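The next part holds the structures, each set out as structure tokens.
Each of the two complexes below includes chain A, the first together with chain B, the second together with chain C.
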Partner chain A sequence: MKRDIANDVDPDWAWSSYQPSESRPWTLAMAGHLYRRAAFGATYSELQQAVSGGPQKTVDRLLRGGEELDAFHHVMDQDELASAKSGNMGSLRAWWLRRMLKTPYPLLEKMTLFWHSHFGISGSRVGDSQLMLQHIRVLREHALGKYSSMLDAVSQDPAVYLGLGAQSSRKAQPNEEFARQLMHRLSLGPGNFGEEDVSEASRAFTGWVVLRGQLRFFDREHDTGVKKILGRSGNWKAEDVLRIVLEQPVAPRMLVRKLYRWFVSEVEDPSDRLLDPLAEMLAKDYDTGRVVETMLRSNHFFSAAAYRRRIKSPVEFALEIVRGMEGTLSTVILSEELAQLGQNLYNPPTVDGWYGGRHWINSATMTGRCNLAHSLFARNGRYGGKLDPTAIASRYGYDDPTASPGFLVALFLQDDLPKSVREELRRTIPSSIDTDGSALRQFASNAAALTEFQLS
Partner chain B sequence: MCRVSFIFHSSLFLLLVPQIVYSQDSPAPATEWISPDALIVVEITRPDAILDAAFQDDVVKAVTAIPAYKDLMANSEAQQAFNLVNYFKGRFECDLPTLIDKVVGGGITWAIGPNEANLLIIEAKDAKTIEEIHEFFLMNARNDAEKAGQPDRVASAEYRGVTGWRFGPNEAHAIVGNRLLVTNKPDMLKLAMDLRAEPDQPCFADSESFQEAKRASSQESVATVYANMGVLKQIPKLQKGLSENENPLASLLFAPLQKSLRNANWVSIAAEIQDGAVQFQLTTDGTVGDPSAADGFALPEVAGEGAMPNFDVPQQIAGISLYRDLYRYYAAKDELFPERTSGLIFFENMMGIFFTGRDLTDEVLAETRPEIRVVVAEQRYDSNVGTPSLQLPGFAVVMRMRDPDKFAPIVEEAWQKAIGLVNFTRGQQAEPGLIIERPTHADITYTKAGFSAADEQDRASVNPRHNFQPTLAMPGDYLILGSCDTLTRDLIDAIGDHGDVDAMTDTHSIAVIDGPQLASILEKNSDAMVRQNMVEDGNTREEAEMQQRILRTVLQNVRTATLHANSTNGQSQLIVRFELSLPVSVR
Partner chain C sequence: MSHSRRDFLKSVVGTSTLVSLSPAMPTFMQQSALAAGASEPSSDTVLVVVQLSGGNDGLNTVVPYSNDIYARSRSTLRLTASDVHPIDSDLGFHPEMPLFSRLFKDGQMMVVQGVGYPNSNRGHDEALRDWHTARPGQAACQTGWLGRAIDHAERPDEPSVPATLVAPIPMPLALGTQRAVVPSVRSAEKWTLRTDESQRKGLLEAAKQSATDSDNPLAHYVQQSSLAAHATSHQVAEVLRTTDRQDEYPSFSLAKQFKTISELIRADLGVRIFFAELGGGGIGGFDNHANQRDNHAALLRELSISVAAFVDDLNRAKLLDRVLLMSFSEFGRTLSENGRRGTGHGAAAPVFLAGGRLKGGLFGEHPDLADLKEDAPRHHTDYRQVYATALERWLGFPSEPVLGASYKALDLFV
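Entry: the complex of A and B
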């Protein structure tokens, strides 16, 4: 019988801080694992720094972000705003990818991407690039903060109402979309509320209307009657509904389960027993940053229950290559290719966001990933040969052509490959003199096409 | 890409590698060493003229003074290349023009054959220089291999008494007399040696079409390109591009040229350097066809007809003038575009809405004369509106009506319907609509639509939609459809001043671009251009800024670029001329 490695653990041990030991050493593979989950992969120097600094110091660094963060955000915000003003959603998408690539605080972007999928607001429904940019900014601002504050901010975000089809809710005809999505996906989960709760809560949102890109409240359109929501009666308003749903014990558990799937594993369904300590922690003040920190520092995170237990999303797949190569390339083209692989930034497929996991992989997307890796490493073509494996190997002192393939395996796969795969890959190492680096490019492309590289 | 790499490496090599044994006898022309199946042959027959023009004191001073040049020099790769050049300047105790002249002064011939085969033949003036530089590269290649612990990459072999060398898998070269031959396919080098040894064998120079093209080229040219269209037309992409019914718009714009290229056996492009200008003339043996045929809508049937001269308005960026009979073009649509008829009928039905059910061919297009002019110019913004955050150029289409009294009200109605449709669609998306006005300029009352700027807070950076003020003006028998008010008013003035000007006989297309004006609008949108470059090309901000600076510098130094396409004696001719700000000339 298959062993449930996620749930066969003591929750206290699971969420205690990981301390390397002889039986559970801190290795290059573990450092790579941490950077895959808490960032978009790592550069070689980041991996080396992580290995020498140990797990907790590395988590500290990832939680804190790098230097000159304010200056980085200021410049990026200006660039994104100018792009949004031009009304070009494609350009906005490209700028976000560039931000993910260049940010000194990748965890923040990773969480922003998490919330983007969580709320599932699509630019194609909103139809306004400036509102979409504002939406992503709201998500970023609260990405590692309190979920209660985020819900407050989101409930004042016109893009959310437009994206949910709830742009107008009047006393005579309450729009149920916001209340339904709030209960169904954003707090309680299916089975934990009734249709009556949705109808009653939607009355609390009456009066809110999006007009010309602005969310406005019309007092005369607000239903001031008594509403009974989740067993509690009163003249509730929108902010009361947000408070009431978050006071339900199932709400923190639902959110923790989602975070677990994002950061730890999407293979096994974790038991309530395993998640309870985190849910209790979240219920106190909905500080998601603290829960994320606990997860990233934990024994469970650095165990077999989490290691390579997720499938990389297209964004993670591509950015890990580009970040590893310390390059910059056309994010306009990259964002188009990622959309073809199923992850169209600013445009989640439905309000449920991206399902992730095995939904990322099918025969067409696997071929697409291999083709993308090939294009990224190609000397010529769409990306102009900007990612150069020979140059990056040389930068770290691996000038010798016989050593550079090994460097790439350490960089992208942290040397952690089954023997048979390693042998197979070794056979693709160029035997002839690689005068122009083409063979090493092909080798890098082969490495990125491995199953192990598809896993996070 | 392989070709680009080859060209780059061989150019560098060529630039620095020269030649050899000074031959007592004048060698056969380089084209006699080229295979008869070459597809494209480029000949630089007067490198001295190009060097003279490029190294005039004023030109050097102007080029080295521009910031983009300094940016380029700061680049480490450029620095490395210049260090190498400086080394050779020192070694041969000469300046750069002299060095280049020694190496390539006898002429350059580049042949491209099937399967991406390239052969470059450089004729040096000083054979000794080329030999010494060759030795230098030979030694370096061997040293590099030794340092990297690799076997010697340099290989050599004898063929017909000539030593051929290889530095790598995609390169082979030989020095014969004062000629350096470089190729990416050793077989081409062997063939060149065969042709040298056996001059009676068929070679490229014998080709009848090449000789015909040579005769047609100007004697003043400093370089010529010859293309064997008989073979090139078999390339699917080119075949598609020349196809007459592939794209209706492309056919409308390029029909005469497309037709003559379809009929052509050869095309030649001759480059000339004249005082302050560089000119390229494309000639072909292909005919443009019969003006009365279905695809003859761009060819004047009456003597003295042709495209009208372009307008000249303030801050003009570009002008295009076409002789196109739209009535004949559209009437022949079934013949010209049989596969697109259903799409065109849909278009026709849509036009029927705007033109109140009138027949597009007989009752609309037949009312226009075969004169189409397009003008693109920088806009001047009304201070009451403000300057948009992104400044787009204004553009206008100018046509002539046959019977303005009859046709002007029809156009006015159609135009106002179009504005109404735009407003309705924008209203559905809660976007502001256009407000129609009837202003007067130079006694001409015209129609203008614009967005209200009442909600704009910062007049120095208003919404880009304020770039659009659709206008319709009909002074006399002219019809102006403009995207902005200032350009329309300028065109009303230009038409008033224009008087009677003669058409340019036999010319069917004229285009002109003002480099400094184009650079000006790029500069005004510099931030947006830099941002776009960063995400489109993946450059850093500094790299993107440098690219923009270089582009603007180039444009600022091209005073105007003009294109004239005509159909003299039934054959197409295209002249592209760049008037430069730099004082280039041939001494």
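Entry: the complex of A and C
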């Protein structure tokens, strides 16, 4: 029987802070791992800084975000708003990608993307780019905050009602979509509630109607009768339902399980025993930031149970290339290509979000990823040759054509490649002098096509 | 040959041993192909769905030319016995569709008449959504009938692609999945890798050598997908290199889509479902509220010529027996003209089927023009019966979990 490396561990040890030791050293590979999960990959200097600073200091920095965050957000917010006002959902996608690329606080964007998938609200259903922008802002505002506050905010967000098909709920005809999705996906999980809980809770949401992009409450359409939800009776209102579902012990565990799949591993299904310490922590006050922090600092996170045990989403795949190359390019074209690879920002496929994992990859999307890397690194073409491996290698002092391939392998794969693959990759560089950098461009796109680079 | 080896080959290169034996493939793949012995060419069936956007006027496509009610109701759009290509003494194909007439006579085309659904919607968006989701009236439904079939057919350990969009339109809801990623492939070239083939081969062989890290199933899966991408790219490139059929397909958009589909079928990639489109997507070209005659004729001409080119091509390649083409439109149109030489949104309409294993002929009666509902023909065959037929009898997929209920399949195939 195969050893279950995720669950054969002591939960107390698993979630304790990782301290490097001789048997478990802090390496370039570990630094790369942290930046893949808590950010959208790293630049070479970030990797170096991480290696010298150690894991906890690096996690501190990622949790805190960089400097001049307010100024950055202010500028981005204005550009986005102008774009939303023009009604162009496609340009919103591009702005978000740009924010992910340039932000001093990538973990915040990573979590915002997590919540976007969690709530599964799609612009094509909401049909209003300003409401979608507002929705993503709500998610960003609470991204590392309390889930209870997030749900309160989401229950006041018109985009959510439109996206769930719950735009109108009248006393005589309660709309069940909000209550159903709340219980099914956002708190309790299937099997932990009954149809009667859905219909009773729906009565608490009556009176809420989205009118011309505004969420409004009509007193006369609200059902003030007694509702019995999960065994508790009272004249419950919407906010009471949110409180009641979050008080169920299954709710924190479900959310922790989802965060585990996002930050730690898509391979093994973690046992309740492993998750219990985190679920108990979350149950106290629903502080997701603290759970994320605990995960990122943990022994388990920096172990084989987590390392390369996720498949990069298309956004992660592309942004890690662009961030590593410290370049700027058209995110309008990129966001369209990422949509073709299965991740259309602002438009998750269903309310279940992006399931991801193996589903990201098939023979067509694998081809698409290789060709995307090829065009990102190409001297000419749609991205204008703006990512230049020779220039970035030279910036870090790897001017010598024999050294620059090694630099790229350190940057993108942290040198963690099987020997045979490393040697073969090296052979793809012709021995003749690479006068115009084309061979290094080709080398870089071969590296991005490797199995190891698809894994996070 | 062990079952797992057969599965491995199939998931990576369809069933084509010829490709796995090509020198462009990694040595270990050639070896396992040799060990597997000669394999049969793929016999998987393929479904090609063609959306006619905008609401096709079924009454002027399969024309009841000798019907008095029709003649009275269509003052400017009426087609007469001398215009149409007769099917029988009552019905005939539109004048621009001599090739449909030929395919029909050869038994390579069938017409399912009077297809629709109860209380059908007459708004474009709503009706199209109903056809795409196969859940009429359920606005909250976010997956399509084909998408659900794809999620159902997808094997988590195989990198094969069950379906692809070929039409130059945004991903239609019909292909909306919950988990699987459905690619949009506008030309077969898009399925070829731009990196150097021999370098790729070397890297795949090197990766195979070092594949000792077997306890990471994701690494193994990605590796399989890379092999599949490599093999697929080679197969498509071979097809493009060896078949030059520029002159066999006219320059219509729909014909170009069919040409791509034909190339992808020849490449034997294991794709079971293709989605094509005519009319421009959205509220499409078939929506002729005014001056319908010439617009409609041009679209039917494109449809007829493109489908015939596709059928003839597949027939010559001996692939027609594996293919079923099925058209649909969100609704038919009203019997009466609207005073602007056009027609309004209707209800039931014919579905066209083409392929090599059809029984042929007309299926079901032409709707009774003396018994209309709000000026449009009534349906006698539910569209979900047609879907159930395509899923169950053609693709061999269970239809009930996809359609949410059991629908009686139609007896269409030999």
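The criterion applied here is as follows: the second predicted complex is superposed on the first by the 456 of 456 C-alpha atoms of A that agree within 3 Å, B and C clash if a C-alpha of one lies under 4 Å from a C-alpha of the other, contacts with A are read in each partner's own complex, and residues count from 1 in each chain.
By definition in this document, a residue touches a chain if its C-beta (ideal position, glycine included) is under 8 Å from a C-beta of that chain, and two chains touch if they have at least 3 such contacts.
It should be emphasised that the depicted structure is a prediction, and the values quoted were computed from it without experimental measurement.
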| item | value |
| --- | --- |
| Overlay on chain A: chain C relative to chain B, clash or fit | clash |
| Touching partner for A:N380 - first (chain B), second (chain C), both, neither | first |
| Chain B versus chain C as contact partner of A:L211, first or second or both or neither | first |
| Which of chain B and chain C A:R140 touches, first, second, both or neither | neither |
| Which superposed partner A:R261 touches (first chain B, second chain C, both, neither) | neither |
| More chain A residues in contact - chain B or chain C | C |
| Contacts of A:W360 with chain B and chain C, given as first, second, both or neither | second |
| Among 184-192, 292-300 or 328-336 on chain C, the segment whose C-alpha atoms clash with chain B after superposition | 292-300 |
| Residues of chain A contacting chain B in one complex and chain C in the other | none |
| Parts of chain A lying in touch with chain C, wherever the complex brings them together | 2-3, 5, 122, 125, 164-165, 177, 266-267, 308-311, 340-342, 349-352, 355, 357-368, 370-371, 374-375, 418-421, 423-425, 427-428, 442, 445-446, 449-452, 454-455 |
| Chain A partner contacts - residues on chain B that touch it in the complex | 1, 149-151, 153, 168-169, 389-390, 429-430, 463-464, 527-528, 531-532, 534-540 |
| Contact footprint of chain B on chain A as seen in their complex | 79, 82-83, 85-87, 91, 94-95, 98, 127, 211-213, 327-333, 379-380, 383-384, 386, 400, 433, 435 |
| Complex contacts: residues of chain C adjacent to chain A | 139-140, 142-143, 154, 156-157, 159-161, 164, 176-181, 183-185, 190-196, 199-200, 202-203, 205-207, 209-210, 215-219, 221-223, 225-226, 228-229, 231-233, 269 |
